[in-house]
Every structure is written in structure tokens, then in C-alpha cells.
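The same subunit A turns up in both complexes below, where it pairs with subunit B and then with subunit C.
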Partner chain A sequence: MSYQLPDPLEERKHSIIRKTGKQQEEKIQCNQNSVAGAVSQRACVYCGARVVLNPITDAYHIVHGPIGCASYTFDIRGSLTSGADTFRNSFSTDLRETDIIFGGEKKLAAAIDEIVAAHHPKLIFIYSTCVVGVIGDDLEAVCRNAEKQYGIRVIPIQSSGFAGNKNAGYKAACHALLNLMGEENPVEKEAGINFLGDFNLAGEIWINQSYFRRMGLPVVSKVTGDARYEELIKAPRARLNIVQCAGSMTYLAKLMREKYKIPFINVSFYGLEDTAKSLRKIAYALDEPEILQKTEVLIQEEYDKAHLALEPYRARLAGKKAAIYVGGGFKAISLIKQFRDLGMETVMVGTQTGNSDDYETIRQLAAEDTIILDDTNPSELERFMKEKGADILVGGVKERPLAYKLGVAFCDHNHERKQPLNGFVGAVNFAREVEQSINSPVWHWIRKERRAYNEK
Partner chain B sequence: MKNKKRNFVNLNINPCKNCMPLGSSTAFKGIEATMVLLHGSQGCSTYIRRHMATHYNEPIDIASSSLNEKDTVHGGSTNLKKGLKNTLCLYGPKLIGISTTCLAETIGEDLQRIVTEFKEEEPRFQDVVFVPVSTPGYGGSNYEGYYLTLRNILEVLTEDAPPRISVNIIAGNLTSADIRKIKEMVSLFNIDYTILPDISKTLDAPFEADYKKLSPEGTPLQRIKTMSGAKATIEMGMLVPEHISPGKYLEDQFQVPLYRCPLPIGIENTDTFLKLLEEISGNPIPESLKEERGRMLDGMIDSHKYNAEGRAAIYGEPDIVYAAAKLCLENGIKPVLMATGTRASKLEELLAPDLGLANDECLILDDTDLETVQSYIKKLGINILIGTSDGRLITEKENVPLVRIGFPIHDRVGAQRKLLCGYQGSLQFLDELTNTLIEEKHSTYRETLYHELYR
Partner chain C sequence: MLNHTPNEVSERTGLVVNPAKTCQPIGAMYAALGIHNCLPHSHGSQGCCSFHRMHLTRHFRDPVAASTSSFTEGASVFGGSANLKTSIKNVFSIYKPDVIAVNTTCLSETIGDDLPTIINESEVPEGKYVFHANTPSYVGSHVTGFSNMVKAMVTTFSKKEGPCNGKVNLIPGYTEPGDMRELKRIAKVMGIESILFPDTSGVVDSPMTGRYEMYPAGGTKVEDLVDSGNSLATIAMGTFASEAAANELDKKCGVPAHVLPLPIGVKGTDQLILELIKITGKPVPYELEEERGQVVDVMTDTHHHFHGKKVAIFGDPDHVIAITEFVIGLGMKPIHIVTGTPGSSFDRQINAILDAANIKANVKNLGDLFTLHQWMKKEPVELLIGNTYGKYIARAEDVPFVRFGFPNMDRSVHSYFPVVGYKGALRLIEMISNALLDRVDRDAADEDFELVL
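Up next, the complex of A and B:
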């Protein structure tokens, strides 16, 4: 290859490890602020908060700041709703130069007035952005006043972009949710569960709900996929919290355990193995013979069916190499298993916000010589995908065109996806998408192009 | 109809604009071997990368100084310098654009000073050109960010140069295909030219077996240096404020005469552009373009009756709204609503002569949002939307078809290849509008007439 790929930056060298067989391996450096100039794929605190709260369908999400933050989050997520679709709109105070000088509190209060007058909302979220954090608008006071005046919930979210990384945004969202759920701790719990950390992308939470129904298990509250105000405030009554997106929601689960005495368990519904395991884990946690029995029936019915449906894909995918770069650790972990189930090898795996526990699990699961990276960038993705000869990358929207430029197939495992990838049925969808991309006839032409280039 | 503004001082619902750093990044992406770094928190660069990546279907690498809490209190120069060093090492660009964000501006970062210090501290980067641009998100929209950045590039790079027979083209924020078309048209006049910026290959790169993350394409730096010697500048953009106009800078600083023209979309706007080229080059309009023009006229006749039923809402950046409105008016499609999220009070004055009799029926809104646009759909009997993919919510709710133009287009492929410019592009665009109207008609007229007439 004529073009020399640069080495990773010195400051990033400890965020990249190569799995060896040794027991005592170097620990990966993670959960740090991104290195300036490295071209991180991560977003900011605001993004973390917004992405977690966005799916609450009947909430009015007001972004307090100049226009950009609202423009870039206007209806870009694939969360579906069974009720209101208020959340798809983008509300902004659209701050201007004078507001920066004189402060934006009055404007924000007026914006709330306007929304209340026009829509009679039950719930408004106010997101602070970078400038608001600097000019020091008192969000708490504005929200308190509005709550008093209108008797509705107006919840501030301290999500100034610079105040930490995306993880800090997750925490800010968790605090907002806890604030919404309220101070009261119902002593009498209901039979049902809360499902934390599914965002109903392409209707994924509806798949899970159908499983829970078959298990005879009521869902008290979904956090936050297809959630609504009335449902969320009931969350403290649940018996058990199940947490899928651990990176964003473990924090809330811990807060809820402390405040409402609700225990939690971690689950993942990506891939057959993890779906079956998670369903059983829930059933065991609740420890009711009837639920246990129904769960086994469900798994028996669905697992074998899906396993069989995957057969033709296994035949067409065996031996292919996968690269993974996703947001959270739990997803990366499930994906490694999913690829293994399809007879594929994961050669590179990374996350934006995984923690050391996630990376330890990843390290154990990964095959020898797998590249593991935290908060990576396009240069490293290019370098390691080329080195390892990846056939497909699973990732987010920004990574997609890079994969394509490198002539590598792609699977959209992001917030914009239009088909569900979870549960038994989603595992089959996943295999289909991977197969459709990897075995597309276009690569024939790309390989031909490459051969011609290499012969030159 | 008078320019009636909704009183939305406090609340913008569904923005019809993006922020200044995005416009700035777009401009930098059209310069040879250039990398962009946004001085602010990590999110700005990531959001803008995402927004551009889904529109252009290209990898969009933009660095960030990743400011954090500490930097916000003590100043961000350490992080900015570190960011510059890392980006320069990773990408090896010839030019680096440094655009500020809301955060950097609000904490009062002195970009000029930091860059000067950095150059002294890191002499190994002495050949790199640094272009700092002040683009706070609250200072305007992507429209202003785009032109201001081009102006700053000239301010840094352009030097005195001997006069030569050459023309400068300041391109509006168009598609890569549009830029290719414009270059093709200019070439036909046999005149040397510099087009700034040139996204024809940088944001629509052919597949190559050896992908280069820093595109060597774009306007060559050497050409930008000598734009001062050109015979004239043609600046596309009728609503560009003078203080951010790149063409105005060349005129004031180097006495290069400035000709302003609209985006060459529609027959009259394309005529205007070609006449300018004829005048500046001294060469007549080439036969091949005359043929394209004839074909456009022929096409305009073919579809005029269908177009007569069109009542359009056009929204987006000021200049594309203006150009699309002209094309509609030339063809009997009534642009009953013309809206931009940018401040462009001159838009109404500019359109007045073209609106003529339709003036009373057409509404022009600047500094507005898409909820306002939506609120007029039923009221004004709009049957076609022309604008960015951000109007898809209106399409869903109001059941009006949307013809996608401008930035961003997120829910279709090929935005970067979409051609609107020149006679050929204009006719393609017109055909798309007409066919959209025909499709609406054909899918409804049987039922409509049955209900209306059958007794």
C-alpha cells in the first residue's frame, strides 16, 4: 500500500490493547475525557442526556441555547411511539448574541409559557447547553417557578457540553428521571418490572414486551423507550428493575435501589444466547414457579425457531471477520457472542463509553490477537480494520461512510436503525443485515478494482 | 402579502437552520488538503460530522479541542494547542481551519494569540497555513458561517499578484454535482478560473483502492493566493452581507471587480451567470450551452400546464430559497410561502420584481422555523414542499409531498450528486417538481372527480 498510515497518538496508546493469552494483561485506559485533536467519535454531555431522555414520547424537550444543539438532534433517532409523538419535534430558545450578554432566563421562562399555553403539557425537560453553563442562567429557579405557576413538571438537566463526557450526560439524565419519579417510596410494590435502558429503536421494546407478556410479567414502566409521563411516575412501585443499556442506566438503577428499594439485574436482548439467558435471569430473580415455567416454554418455542432460521446465514457467513465499534459495553459484548454464533470471528472491538468491567469481559470473550480500543477515531479504525482484514464493521452513522470507503461491509447498530435487532426475531434480522451487506454483489467490483490497483 | 412574522422571539420549534461552525466546516471541506478543528466541547464536532456524513455519504473528519470544565475556567489554550498538534500529526494537512464555537467565544478565547504562540512553540509546523474563524453558534447560521470562512481564508492566504485573464467564482453552498456543472460551464468559455470552495471531489469522492483520509482535492492553496490578480470575481449569493462577503474583500483589498449573481438555478439565473462569463471572458456563450438552454425551454413548455397547479412552500438557506422561487415563478408554480431560518430581510425586496402580480398571494418569512412553515400549509393551500429533509415531519402530518433540495438531506441517498445548477440541472429539478405534482394529481383525480361529480 502506497499510503502510510500514521501510528496512533502517544496519548492514546494505552486506550488500545491487543489481546494476548496472558493472564496479567495491561488494563485498557477508559472512561477518560477525549484527547484533543484525536477526532473522537464521541459527542458531549448534552448528547448523552438527550439521547437517553429523547424517547419519552409526550415530553417537551426544550434545548436552552443557541440553535445548533437543537438542529442536530431534531428527529434523528429511530425511537418509535405507541402514543404521542411530541418528542420528535425540536424546541429551542435559539439564543442570540444579546441573550448571551444579558442572560437567557427571561427568554426561557417565556418559552415555557408559550408551550404551556399552546399545548398544556404534563412534562417539560430543559437542557442546558455550553453557553448556558458559562453565562450562568439559573435553570433550577426558572423551572421551579414554572412548576409552581403551572402545576406541571418542568425538569432542568445540567448538560452543558463541556462538563465531562457523554457519561456525565447519562448521569444528568438519570437525575432528571429520578427527579420525575419523585420522593415517595411506595411500600407496597406491584408484581411488575421496570425495563431500563431500551430506547424502542425500530420498536425493539415492543418485542421484549411481547416476551414479558408471555411470561406473565407486567411492565410497570419503560425507561425510556416508548415511555410517557403517567407511566414513568409509577416506576417506584415496581418489584424489579432490569437494566439493558448498562452504561447509561446502571446509575439510575443504583439510585432507585437506594431510594425505592428496588433491586436490579443486568440483561441484554441482543443475540439468541443473551436473550435466552436474560429471560431466565429475570424469571429466576422473581422466583415464581409460574413465571419460570412460562419462560421456559417461551424460550423453547422461540430459541429453536430462531436458531434454525439462522442456519442459512451461518453457511454464508462462516469465517468472515467482524469489527465492532459501538457506544456502550453491553452491546459490544453481546455482538461478539452473536458473531461467534454465526461462525464469524471478531477481530476488532471498541466502545465510546465502556468501563473497565466491560473491557475485562470483552477481553475474556475476545479471540487471541483481537484489537480492543476505547474512544477510538477514524485513523485508528482505518488502520486496524485494514490490518485485521475486517469484512464488516458494526457501528454508528459516522463510521458507515468510512467503512464503505475502505470497501468494508456495514451493519447499522445505531440509534437511527429502522429494523429491530433484539430478541430472537431481531437476532435473525441482524444476521440477515450482516449477510446482505457482506455478500452484496458490489464487493465483486470493489475487489476487482483493488486487484487492478495492486497489480499496477 | 406583507412579510408577517410569527412572534417567536422566545421559542424556535423545528429549526430551519444550522449553526455557524457547520457552515464554516463545509467551506473548509472544499479547500485542498485541509483539516478543520472546532474549538469547543467535543459534541460540536461530532454532531456536525454526523450531520454532514449522512448528507454527503462521505467520511467527515473534524477535530475538536475537546474543552472540559477546567479549560472553561482557565482558558482553553492548552487544549487547543494539544488539539492542533495531534490533528497536524494525524492528518498532515497543508491548511488547518480553526473555527470557534459558542463555548470558545463565550469564554473569550483569543484565537489569534493562541495560534501565534503555537506556531512559535512548534516550528515543525511552519509550513502549515492556519485560518482561525470566529463562528459562535449564536452569531448567525450556517449561511453566514460559510461565507465568513471563505472570506477569512482569503484574508490569510491571498497576496498581491500580477493581473491575469482569470475569473474567481465564489460558489454558494451547493452540491458536489452542482460544482462540477459550474466548472464545466466555466471551462466552456475558455477562461482560466478559480472556484472557491471546490467540494466537487472532496465531498463526493470516487471510490479508490487507496482511500486517503485527507483529500488532496479542493481549491488549491496556490490558486487562492493569486485570486487577487483575477480580472473579476463572480460571487454566488444575493443575500450575503457585505462584511462577510469574500468577493467584497477581494474588491476592497485588491480592486478585483465584484459581480454578484444568484445561484445558477432557473433559466434567468443561469442566463445571468453565463452572461457574466461572456462579458468577463470576452468569449460568446458556447453552442452546447445554447442547446441545453433550448432543451430547457422545450421542457418548460412541456410541463407548463401541470406546473400551473403548483402552490409551493420553499424553505432553507436564503439563496437557495431565492433561486428555487425564481425557477417556480418562471414556470407558473406559485411560491406561496418562502421561508428561511436565517436573518435575510432583503429577501422580500429582492423577490418583489419577480413576484409581480403574485405579490399579494405570496408570503416571505425570514428568521423563522419549520413549525411556522407547517402552520401555513393548509391556510395557503400548499400542494408541494421544496426544501431540506427536515420538512419530512410536515410531509407526514400535512400529507404534502416534499422535493428535497439544500442541506441537509438525511433520508435519501445521493444528496451530494443532486444537480440543480445550469440549464441541465434546472430542468432536472423542474422535472422532479412537475412529476411530483403529476403524481399527486394522478393518485387523487379519479376519486376527487367521482365525489365531486357522480350523483
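Up next, the complex of A and C:
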């Protein structure tokens, strides 16, 4: 039975490119608003702000708006904590019709009062949602009053969903973080670093911390995985910012460079190659012989061990084809290298929020004829995964059942990952996850199903 | 987690902590998925649609397709009319559904988009449909959003245009596809032709075919929605999710509305079957009599596990009302009962059930899980029944926990089986008694640990 795969929308054609050998290639169109009527996989400003700040463990995150925005983000991030678990609760003002008519400021002030009375918080975040942006509640004023009254930090986040895309939400979160870190710029810096853009999914930040410890490198502040108030306010004292999730945190790094004169470097701890490279990059940036030497020892110990541990997976994965659809550009870049290290070929790669620099790097890394796409949708994912014969898709929650329905293996590299996938250890976990899914016996059953279906 | 929930209940006026509900649009989206070849469309910011799809995907573990108007700053100032018109054009040209079911959001409602006019002015290809339900997130809950969309199906499609078709309309409420299949089966074994709507069976529990189908084979067909105006009667299951559509059908086409609780447990299922007999005059087939007899047999076999056990129940109102009735029938004592959905009729219906059984309980509509947890700290229970979010409280209080209702994001396969009907009752008894007996085994000292329970 022949089945016509749908062509992409006209408006989407510049958001999809096919890598060719030509020098002058078409630039991908990215960081645009989605087309109206698209079945986009993207989220909104609020979502962007919330996912960045949510991992702050001892903060009270109050969602000011109707209940939905609070419900859908109630403990979904998968960030782990070594301390308080306040952030895993859901606090909101659950605005009702009368609040929309008469304004929600009073209710918000009451919500803050009630949290202060019951829990004695140090830090409260107030997230603005779509409707709050429209009815014009003055979040700044409510927060200022509460700060004055209680002597604690109450920080507003301008995250009305319609005011841009997820990237705008990242920026709003970065401003909130800068607000929290304060006005003061300590001239004397500490020896340590801030680690920006790891959210401690499946405990990933703890793996990095163990490496930094072995390098003799103190971490002043983690932003925002397993973070806490007392730690975050010390961030201006650090000597260096290292940025992993570039999509969300480069902006903060730039703000901090300006305000606190802290330089930053981009790192990625996904895959052996990038992990080793990043650790060295940090050591060189700090330029201390002892740290440099310890770093080399660490890499020597861990790299070879992991490289060896990957060997059996390489044998079972060689020649398989991977498709990537993730949030940010940096992760996509690391994943292409990781698949290459496993002897796999990346045939399709896309991101929700990558920028043009990311896409240029991706284009250079990608093999001939690779499909590169920005802000895609299920139809396009289906079309290109089929065309390229992908064996596995790496993505997030909405992509999983889609991959499965196509009879394609899946690896969650987003909020639902259950194994840490970073560092040397994580590279092996990643290979194991990919191998377990690709080589599962269930795919044979799907092939039978498909035959039966096609014969109908 | 949640162990810092204080015992003392304090009045809260501004704050909801750990909600027991979500917003209207997701319910509308779920209902719309129950129309064959229909693409739900969210008229609001991109995030709404993304969140709803994610939430539904986590529950059903199937792809959930829906489009969005992708509001921007401009749309929120100048209105979303252009966005919706472009959306309708794009959706028909690329995704090719038969129907677009538009739900509004808090944003599009607050800026005052006039949906009927916008849809009227849109280009809708011959033989295709666009309709809408108003579902501002600051009213009701996901359950009322579902109800509004089902009602809109009636307003849009149902027509009284011929002789009576001899069929019975079944409105299943915000239930699993497994429940919807069971309701259709019950009607079928009674020899009754039914029109069940919305019908998400075959949509969010679709079989593996090795390809992605944006519109799987299931869903109520538009011609059946139209034909529902010619039916003998409508049975609406659940006052919160289904009554509005049934009343609308009564008003619009003169199809009498019969409103029942969700048919959960023996009493609830008996009521459904008696109503079907009343409407159609059909006798009860042996098959159903046998099923009923089996449930009662199992209830007697297991009654000593249940008797006098204190239970806390939370979830969607129609589900909570029905299961409260059921667990009382098993001999249990529900003492804390919460729904997140607003509506005093919840309290009335629950209190009527409690009064008949002479049980005193804490009851709250528009409640949250924080309140429920505090009640449980004050007066402990031996079982918690509710959706996935109950797991925190169950862990904090070390109470056996039965997952029941929407959403269930940490267990699979639930959407394939019913909780309604006699089959559903059997399944619930198994789930509840397993939870209780697993606890007995876990807590037994070596000398008390027994093979046979």
C-alpha cells in the first residue's frame, strides 16, 4: 500500500534544510514565532521561565494565573534535590472569573501572606501568566510591598505566555536570577566557578560536582540544578562561569559578565569527547597548574574506562541511524558527536530553540544529506524519519509515542530521563539506553503488525 | 516530600497548594479527540496547546495531535482573529481533518475574541466543519471544559430531521477509552444500537500499525453526531461532565435526557442497565446477569478485607461521587472526600450518599491536595484513592494507594481497561484488595506472614 507522506507547509520550507556539499548554503530560518495552525512541539514564555527556575529547591514558586499553568508544571521537571523539596510542590493563585474582572493583585498578596505565615520562606518567585499580562496586575508593586513587609526576596517573573517564545521565558528567568544575585559586585573573587545550565535531571549535576571536586575546583553556585537561596546569592563572587545549557543560560552569563565581571565559557558534558574537552577548557580558563594537572589525571582515569565500557555497545549499534529532536542547539551538537563515537550516523537533527550559530555548527558537523530542521511538528518528523530510515529518535515527552508508533526506538534526553546521561559515566548510560531500545525484541512485533496492516 | 505539610488546617484565601484539578481547555481537547478525523485547536498561546498535549500524552502514552493559534504580543493587543483564520486555512490545507474543534483559553477569552464571527468569516472547505467551545481557564476545571465541548458538539451537529432512529445516545463523561468501549459493549449485548459521544476509543488507545496516524480509526463520526438528534433518549453519565450536553439535546431536538451517575460499581451499573431497559424495553441478557453475579460473588469472597476500612478519595467529581457510593457498598468508610472542580452540587450529591450510609466525612469541592493531606494527618485513613498526584501523600503518610481517574502518569495500561460496568467493578475490587493485601504482607512480622489471605 502506498502512503503519501505530507509535504511541509510553504511557510515552513525555510526552517528545513538538507545538508549538501555546496559552499554557499541556504541559512536555516530559526528563532521565529511558530506558524499559526501548526502542530508545534514548542511551549511558551512561561514554560521557558518555569523550567529554568523550577529546580531552585528551597524557593516557593507561585504561579499567578488560572490553575492550568500551575497544574501542568507540578513537579514535572525531574530535577533532583539534596536538600529542600519545596520546589516539588505546586503553589498558585488559581485565578477565577471575578479575579479576572476585578484584578488579581489582592489574591496574589494574600497568597504571599499565607506562604509567609505557614512556611517562613527566604525566596518566593511569582510567575506572570498570559491572562495576568492582559489584565495588567502590577506584579512589581505587589512583590516590592511584600519584600518590604517581610524582609525576604519576592521576585516577579514577566512570563506572560504570548510575549514571545520559550527563549523569551529563558531571558525572563535570567533577569529574575540576576535580580536575586543582587546589585553588589564583589571585587575579590573566590577561586570557584558557577555552573550555569544544568538542572540536575536524574542527578546529573552530582556527577559533574564529583569531577570538579577531583579537579580541586570549588563550585560557588549551581544555576539552577539542586540550587538553594544561600548559594545563589553568592554567585557574584565566582571567578568563572561555565555554561552548559547555552540556550537558556548564555544570556545570564553575558549579564553576569557585564555586572560582576565574571567571564564565561561554554561547556557540554554529553559524550566522552565533549566532557574531556570541557573539563580541560575549564582548567585552562582558570590557569592554575595544580587544577590542570588534576584534570589530566581525572580524564585519564575516566576517559579510557568509559571508552572501554562503550566497546560492546559500539558493536551492537554500528551503522544504526539516529534522529535528534531536542530543545537547544548545544545538546544537539553533542549528540551528533556521541552517536558518531558509537559508530552511528545522524540522519536528521532539529531543535525547538536553536539559534543560527548552533545551526551553522550542526551543519558543519552533519553528514551529507542530513535533514536539519527548526521548530518542527509530528508530520515533518514522520516524513523525514521515514525517508531517512532512522532507527532511533532522541527527544522529549511528546516525541516518544510518535517514535514508537513509527516503530522507531526512543531515548528521552529531556525531563523524563531516569539515568544521568552526562559525564563519562553518563555517556555509557546513554549508550546502554540507546542500545536497549534499538535492540529490543518489540520492534520485530511491530514489523509484523506493519506487514499485516499493509496487506489489508 | 510534602512532609512539611502542617497538621493544623489554616484558612487560605489566595493560595492553592498542590491542585486537584487543571484547566478547562485540556478537557475540551480530550473531548474533541473523541470525534472521528477531528483536530482539536487551541485558540491561545503556544504553551497551552503544548502543555495539554504533553499532559494527555503522559496519561495515554499515545501521540496527541492538536494545533494552536500561536498567539503573539500583537494578537493579544489586536485580537486573535487573524491567527485563527490563518490557522483554519493552514490546518485544512496541511493536516486535512474533517473537523476542527476550537477551544478558547484564558487569553483569547479575556481579550474578547468573538469566535462565532471569526469562524463565520473563515474559509472552510466544502464538507468540512469548524466549531468551538468557550473554555476560559479561570472558570470550572478540565471537567467542565470537557462538558462544554460535548455540549458544543450537540449545538453544532445534532439535528432532528427524520423519524426516530431507535438508538440510545450515551454520553460517557471524562472517562478512559476502555470505559467507552465497555459502555458500547453493554449496549451491544443488550441488543441496543447506541451513539456514544465523544468516543476516544480507537484514538488514544489506537493499535500499533507501524505508522503515525494523525487521525486514528476511532472517534464518533459526524453523521452519528448529527443523527443523535433522532435518538430515542440520551443517557448522560455524570452530572458534571455529561448533563449539559444531554439537556441541550433535549432542548434542541426533543431527545429526552436521562442523567445518571457514572456507572461504577454494582449499584451504578444496575442503574444504567435499568435505564436502558426502561428506554428500550429490551430484556437483560444472561451475559450481563452472569457478570453481575460474578461481581457480587467476588464482593462476598472479599468483604472481610474491606469492612470498616477508612478511605480518602479525591479526583474528578463524577468519578469521586461514583466511587464513594461503590466503596461504601463494599463496607468501607470514606472520611475525606475532595474534588478540585468547583460546584456545590458535588457536596450535595456526596452528602446524600454519606447520609444514606450514616457516615460523617470531610467533603470539599474546589479543594486541593494540601487540604486533603492535612485532613489525613488529623484523621488517618487506611487507603487513598485518587490520580497520580496522590502518590506524594500516600508516601508521606505510608498509606496504600489505588490509582483511579485522570491523570495517571506513572502507571501504564490503565486506559485499556474499564472502571465502569460490572467488568470495571471487578477490576476495581481487584485493585483495592491487592493494595490492601500487599500492605498486609509488607507489614506482617515473620511469624504472622501467611501464605493464604
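One rule holds in what follows: the second predicted complex is superposed on the first by the 449 of 456 C-alpha atoms of A that agree within 3 Å, B and C clash if a C-alpha of one lies under 4 Å from a C-alpha of the other, contacts with A are read in each partner's own complex, and residues count from 1 in each chain.
To be clear about the criterion, a contact is a pair of C-beta atoms (placed from the backbone, for glycine too) under 8 Å apart; a residue touches a chain by one contact, two chains touch by 3 or more.
Worth saying up front: this structure is predicted, and the values here are computed from it rather than measured.
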item: Fit or clash - subunit C, subunit B, common subunit A; value: clash
item: Subunit B versus subunit C as contact partner of A:I67, first or second or both or neither; value: both
item: Contacts of A:I446 with subunit B and subunit C, given as first, second, both or neither; value: both
item: Partner chain in contact with A:E288 - subunit B first, subunit C second, else both or neither; value: neither
item: Partner chain in contact with A:H119 - subunit B first, subunit C second, else both or neither; value: second
item: Common ground on subunit A, meaning residues reached by subunit C in one complex and by subunit B in the other; value: 3, 6, 9, 11, 33-47, 62, 65-74, 88-97, 99-100, 107-108, 110-111, 113-115, 129-131, 133-135, 161-165, 378-379, 382, 397-398, 400-402, 404-407, 446, 449-450, 453
item: Residue numbers on subunit C that touch subunit A, as the complex places them; value: 1-2, 4, 6, 10, 12-19, 21-23, 25-26, 39, 41, 44-55, 57-58, 61-73, 75-76, 82-84, 86-91, 93-96, 105-107, 110-111, 136-139, 141, 207-214, 340, 389, 392
item: Residue numbers on subunit A that touch subunit C, as the complex places them; value: 3, 6, 8-9, 11, 33-47, 62, 65-74, 85-86, 88-97, 99-100, 106-115, 117-119, 129-131, 133-135, 160-165, 378-379, 382, 397-398, 400-402, 404-407, 445-447, 449-450, 453
item: Complex contact set, residues of subunit A against subunit B; value: 1-3, 6, 9, 11, 33-47, 62, 65-76, 88-97, 99-100, 107-108, 110-111, 113-115, 129-131, 133-135, 161-165, 377-379, 382, 397-398, 400-402, 404-407, 446, 449-450, 452-454
item: Touching residues (chain side subunit B, partner subunit A) in the complex; value: 9-15, 17-19, 21-22, 37, 40-51, 53-54, 56-69, 71-72, 79-80, 82-92, 101-103, 106-107, 136-139, 141, 205, 207-213, 341, 371, 390, 392-393, 410
